[in-house]
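In the two complexes below, chain A is the common chain; its partner is chain B in one and chain C in the other.
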Partner chain A sequence: MRSVASKLLNGVLLVLGVTFISFLLMVWFGPDQTYTLIGKNASPEQIEDVRRQLGYDQPFWQRYGEYLRELATLDLGASNASGESVRALLARTVPVSLLLMIPGFLLGNLLGIALGLTAARHRGRWGDRVVTVLSVTAMSISFLVVIIAFQVLLSTPYGLDLFPVRGWQVDGFVSYLQYVTVPTLALVFVTVGYNTRFYRALFVEEYGKDHIRTARAFGAPERLILWKHVLKNSMVPIVTRIMFSIPLVVISGSLLLESYFGIPGIGQATFEAITSGDQPVLKAVVGLTAVAFVLIQTATELLYRLLDPRVAR
Partner chain B sequence: MNGRVETWSRLKGDPAGVAGLLIVGVFLLLAAGVWAGVLGQGWADASGGRWESPGAEHWFGTNVLGQDIFERSVYSVRTAFEIGLVVAVLSTLLGAALGALSGWYARTWVDGTVMWLKGVLDAIPFYLFVAAVAYALQGRPWAMHLAMVATFWTTTGRLVRAEVLKLRGQDFVRAARTVGLSDARILLRHVLPNTSHILLVQGTLALVAAIKTEVILSFLGLGVQDGVSWGLMLAESTQEVPAGHFANFAAASGMLFALLMGFNLLADALQDAMDPRQASL
Partner chain C sequence: MRRRHTIALALAAGFALLLAACDTGGPSGDQPSAASVYRHAMDGAPRSLDPAQASNVYAKMLTVSLFDTLYRYKYLARPYQLTPNLAEAMPRVSADGLIYTIRLRPDARFIDDPAFPGGQGRAVTAQDFVYSMKRHFDPKTRSQGSWLWQDRIVGMAQWAERGADYDQEVPGLRALDEHTVQVQLVSPFPQFTHTLAQGFAAIVPREAVEKYGAEFAIRPVGSGPYRLQRFDSSGAVLARNQGFRQQPFSLADEGFDAATQGHLGLEVLEGLVPPLTDRIEVSFIAEDAARWNAFIAGEVDFIKAPVTQFDRILSSRQPAALTAELAEHYQLAANLESGFVHTDFNMDDPRIGRHTDPVQNARNAALRCAIVKAFDWDRRNEVFYYGIGQVFPGIIPPVAEEFDPSNGDEWIRRDLKAARKLLGDAGWHAGNLPELEYGFPSSVTERQMFEQFRSFMGEIGYPPEKIRPLTFATYGDYARAYLNREVMLITTGWTMDYPDAENTMQLFYGPNATPGSNSANYDNPEYDRLYRAAATMAPSPMRTSMYRSMNRLLLDDCATISGISRTLILLWDRNVTMLPDRSFVGGFYFPFVAAAEGEPRH
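Let's turn to the complex of A and B:
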């Protein structure tokens, strides 16, 4: 139980750290918001008033405490650009991003596992070489290039012209498939190289272990070795990788996919906030995703302690 | 260090590694040409009409402003190397320093602080971190470099920490202590040189990551502010491709792919050559 307590303490310290860094960057060092909020020809009293509202007269630690309170209670204020409350903005955009990212995220991992297994089972032979070369090639292509290429090939008259060029007019399953396919293919393409390389290394190590050799020596069928020994024993690193990459792939990926395809998710909202310097939105997104990441990480580690006796030691 | 000769001969025997070296070499020559003022100097001049086709005058055609795409894509080699080298060198040095300190003083407050910092930086989604840094620094051109260095060191740091932890208990370190060498001297002269295989590979990977990241950041408006880069060319091309003008896109993505492929091949080969035990796994 002491290790559980120390994991929790570690999580708390990380939350304090990520919120402190986003506070430093976005609030303390961030540009003065007074004149964004105030019209022209404001009187000195009005300026003073807005500055007090923004808490600029408060000392450093009090403002950090206020930022923590805002994040904890989800009392995030309103966007400077649209006046929409940040909470409503998140509730509107996050589901769209999840719908957009989940298929590609899952397929990218499944394909990576399948290719990694293929390579590991044929290690050093042709299958392995082909998979390795393909994954290095995929790793060398920029996400932006992949997106543009897939759009041209699938959604314009210069290619197959099968899908809408951009946008997100989803009102049912068919239209969902129409709009989600091209971004999904781009996401799978861009993640599969890294995933395959990771899973290949994992499975190569697992196949090389003594108990696998023993099982083979006793004549255990390949299929049994694959499912019962290799995959089952690799579950912890697989789940770790998937859990840990959720916030990163979903946020970073949606930032690029949504701003490129004009999809109204959290990525596009963040992109617009970046370009217009919309501080309330930015500080909420940065703070909340970082906290979510730490929570997922801590929960995953605690879960292992319950599930896998080897981790608890 | 006779390992260096061995590493080199293993690298020469690996066709993928030789290919990587050759590609990187060609690009280095191009970059040197730009630095010397021989190549790509006309990247900003409107030397032709809008969207001219590739030909003898403009090898890769021209863009919407009539600028020569070949000149621009060659000049971008220099931009890529500048960003890649600055970020790779600084983040590797930072990772080596912090990783070595945290491994050497493992399970003390030094280690705790470094590991905490690493955890914090790893928890903030990268592009958001860059956006936050760029936001805080309002248009300073090195905001991008700073953000990449601040986040890229963590992988190197983790690997160096593990290696130093391993080296710390070995006989040669104990001997150095017995002789009375200071901690700083042991770390700098005896421990860190033994992590060079990690630093070289991680440095190459950081270089690849920096060049790739520049492309995304420039598209998002957070990257190169003045000058030209493959990222800016690709951002430009997103307006041109729907209208059927592919020259900008093809030139920038082709050069980008070739350079990244070269570095990736080199990184793999280096890894195998310097750590043959891993390679035979």
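Let's turn to the complex of A and C:
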């Protein structure tokens, strides 16, 4: 309990640090939205009016204090570009991104674990080489090329023409499958290489440990060694990798997919906020991502205890 | 085992909740499958649907479909012609050109919305027009269209200064009765009726603006032919406004020309009542590859073809024609843009522009003219616009009636010998040429254009290291820099707001210097005098001649490297009967699109 409380306390400091640095960057280096919001032939007074409305005339510390207040009260304001309340924007876009990313994320990791195990088990032999070559190939191809290739192959008359090229007209499970399949395949193709390489290294190390040799000496069946000793003992790094990928996957990982497949998720909204300097949206996304990291860090701590009793001691 | 079931159940429930949370109400969910649907792709997206912020072509396309403007452009007439929309007739203008009296149609109603008592839309009145115009001058609106009427309407500036109280009257903007408005101008403004056909001039109900506040930008309530069903970063869905006024379509009234438009099959629309399609699904697809794939797959009915595809889709350039295979399925329109691309010199920068020393001033002029003469428009056109853009000298683009086709091409024809001579005569050589800072918002294409510019200049002996890029992460940052006079060479484009050359001539009018639209900070007393004299004149041969003289002055001063109007290749499915337009007609053509009934392919 004390450890969890300590993690949370550290988390608060982390959130303060992240929000401070990101806000500093937004204010000093971020785009000035004034000039995208003024009309043609604006007078200096009109420019000043817009700056005032955007709060650019306020001192930095006052603006930062306001940011913390907004985060604490979840009163996140409204987008400067569209006027939409940031809470409504998050409620509209985050579920879309989750639905888009979850299948690819899960499949990418499960496949990575399976292929990593296969490669580690057959280390140095053909199975290992094939998996390694395929992984490196998948890692070497640009995500953009993969997306376009999958679109052409699966969604256009030049290929199989089985799925929509783009869009997100989801009103049930069937339409969901229609729209999520191609982005998921593209995501799996790109991530499975990285995942396999990571998990392979992990399992190779585990396979080389004394307790595995001992189990083998005892004549334990290979399947038991695989599941009970290699996989189970690797759960802590696996959980760490998966858990800490979640916020990034939800926020940034989906940008290309959302953009090319025309999916109205949070990645797209964040990208637009970054490029246009829409600070209310950006502040909310950065702040809430930091909070998500803290919560995940705490949840990961609890999971460690379940997976490895030594951590609890 | 039981615990596993509980976890599985919880995960399934969470997933179902997520699905429910992002139910977009797709086509199968909220409309009969027999409804006709037109699927339009845009290569960019609007961020706001508030008419006061309809500052780009994407926003205008949608706002004029959701709201009403008093006037619009005829669907088929070329050159473009104004016609009444919500107004009953063209305005009655006083002899001195100062008072415009306009009668509104009595049968226009706002759509039903919770903003109105009982949720029932009400009639559009003259007061709504007055309110909508006042809004532009209320700082809280953050209007991007107020410049159209800035210092034009009697008493408006004072009204804004007094605190923009909507219950206070503006002397020059009055509702004479329920359906008649009268506008009194400070001085004659012959383009005034054109401004009433802009998305900015759309009529909004006060109740909805006050109820939704800033969110009015995403919850538009208007009286246009469509109402908004969905709007997000990927697209918008518009559904027919069932209460839209009944105005049968007439080919003659819309300016149909059988000789040039007979192949479009528009005759079948005669007598039908717009809007002719139940639903318009607009997809915002900025990426060329994705847009093309969506079109080929039949997921959208219309696209502006990416230049990267021109090679494979066109069988001839002049006139633009589709390959036989594509022509079986698609129609094509080669739409000359209502604007142009140009690169201005910052005349306020003493290294290249005006200088207090007359000798240096003359040397700077020679340098600018040498650069203009060294610029190779043919190669620019070929490499970036597939050779089908139209290059012209100056700032009166071919789409404007004032365009002078007989204007000499000495300012757009490359002449390296003359350029080198200008430099030599003015004493410029590689050692003393100033460092050129060429500004642009960061993008691959802009960078390629910069490199091409640098290579052009290299051919007159300009050292490459003396021409450096000044890049900006976003267009907003770029705009801030050049509006603060920090950019030496400003690459930019202008899309005309209305088909009258006044709209481009004002780009170089001295008093419009930055932060106004005169980004070159050009200041020529003769040009300004002619501009002021022409500004109050109705279109006439004399005014055209004055505009052409101004164009000549600008070219002689070498204040800009200009310009090219791009040819846009618009493609649409043969199942859709229409003539698309990205120019002044813009979204005004949506109600006249006749799409086939039935479900989309996927």
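Just so it is clear, the second predicted complex is superposed on the first by the 257 of 313 C-alpha atoms of A that agree within 3 Å, B and C clash if a C-alpha of one lies under 4 Å from a C-alpha of the other, contacts with A are read in each partner's own complex, and residues count from 1 in each chain.
As a convention for this text, a contact is a pair of C-beta atoms (placed from the backbone, for glycine too) under 8 Å apart; a residue touches a chain by one contact, two chains touch by 3 or more.
Everything numeric in this text was worked out from a predicted model, so none of it was measured.
**Q** After superposing on the shared chain, does chain C or chain B touch more chain A residues?
**A** Comparing chain B with chain C, the partner touching more chain A residues is C.
**Q** Is A:269 touching anything from chain B or chain C once the two structures are fitted on A? First, second, both or neither.
**A** After superposing on A, A:269 lies in contact with chain C but is clear of chain B.
**Q** With both complexes superposed on chain A, which partner does A:38 reach: first (chain B), second (chain C), both or neither?
**A** The answer is second: A:38 touches chain C but not chain B.
**Q** Would you sort A:299 into first (chain B), second (chain C), both or neither based on which partner it touches?
**A** neither
**Q** Using the touch definition from the top, say if A:18 reaches chain B (first), chain C (second), both or neither.
**A** It touches chain B, and chain C stays clear.
**Q** Pick one for A:260: touches chain B only (first), chain C only (second), both, or neither.
**A** both
**Q** Per the contact definition in the header, classify A:165: touching chain B only (first), chain C only (second), both, or neither.
**A** Once the two structures are laid over each other on A, A:165 reaches both partners.
**Q** Scan A:4 for contacts with chain B and chain C and give back first, second, both or neither.
**A** After superposition on chain A, A:4 lies in contact with neither partner.
**Q** Check whether A:26 is in contact with chain B, with chain C, with both or with neither, and answer first, second, both or neither.
**A** A:26 contacts chain B only, not chain C.
**Q** For A:152, using the defined touch cut-off, is the partner it touches chain B, chain C, both, or neither? Pick first, second, both or neither.
**A** Both partners, chain B and chain C.
**Q** Which positions of chain A sit in both the chain B and the chain C interface?
**A** In the superposed arrangement, which is not itself an observed complex, chain A uses residues 31, 148, 151-152, 156, 158, 165, 259-260, 275, 277 for both chain B and chain C.
**Q** Give every residue of chain B touching chain A within the complex, in rising order.
**A** Touching chain A from chain B are residues 116-117, 119-121, 123-129, 131-138, 208, 212, 215-216, 219-222, 231, 234-235, 237-238, 241-242, 244, 246, 249, 253, 256-257, 260-261, 264-265, 268, 281.
**Q** Tell me, which parts of chain A touch chain C in their complex?
**A** 31-44, 46-47, 49-50, 53, 78, 81-85, 91-93, 95-96, 98-99, 102, 148, 151-152, 155-158, 161, 163-173, 175-176, 178, 258-264, 268-269, 272, 275-277
**Q** Mind listing the chain C positions that touch chain A in their complex?
**A** 15, 18-19, 21-29, 47-48, 50, 53, 55, 139-140, 142-147, 150, 213-218, 232-235, 283-287, 289-290, 293-294, 296-297, 299, 473-477, 479-480, 483, 506, 512, 515-517, 602
**Q** Can you name the residues of chain A that touch chain B in the complex?
**A** 10, 13-14, 17-18, 21-22, 24-26, 29-31, 136-137, 139-145, 148-149, 151-152, 156, 158, 165, 204-205, 208, 247-248, 251-252, 255-256, 259-260, 270-271, 274-275, 277, 279, 282, 285-286, 289-290, 293-294, 297
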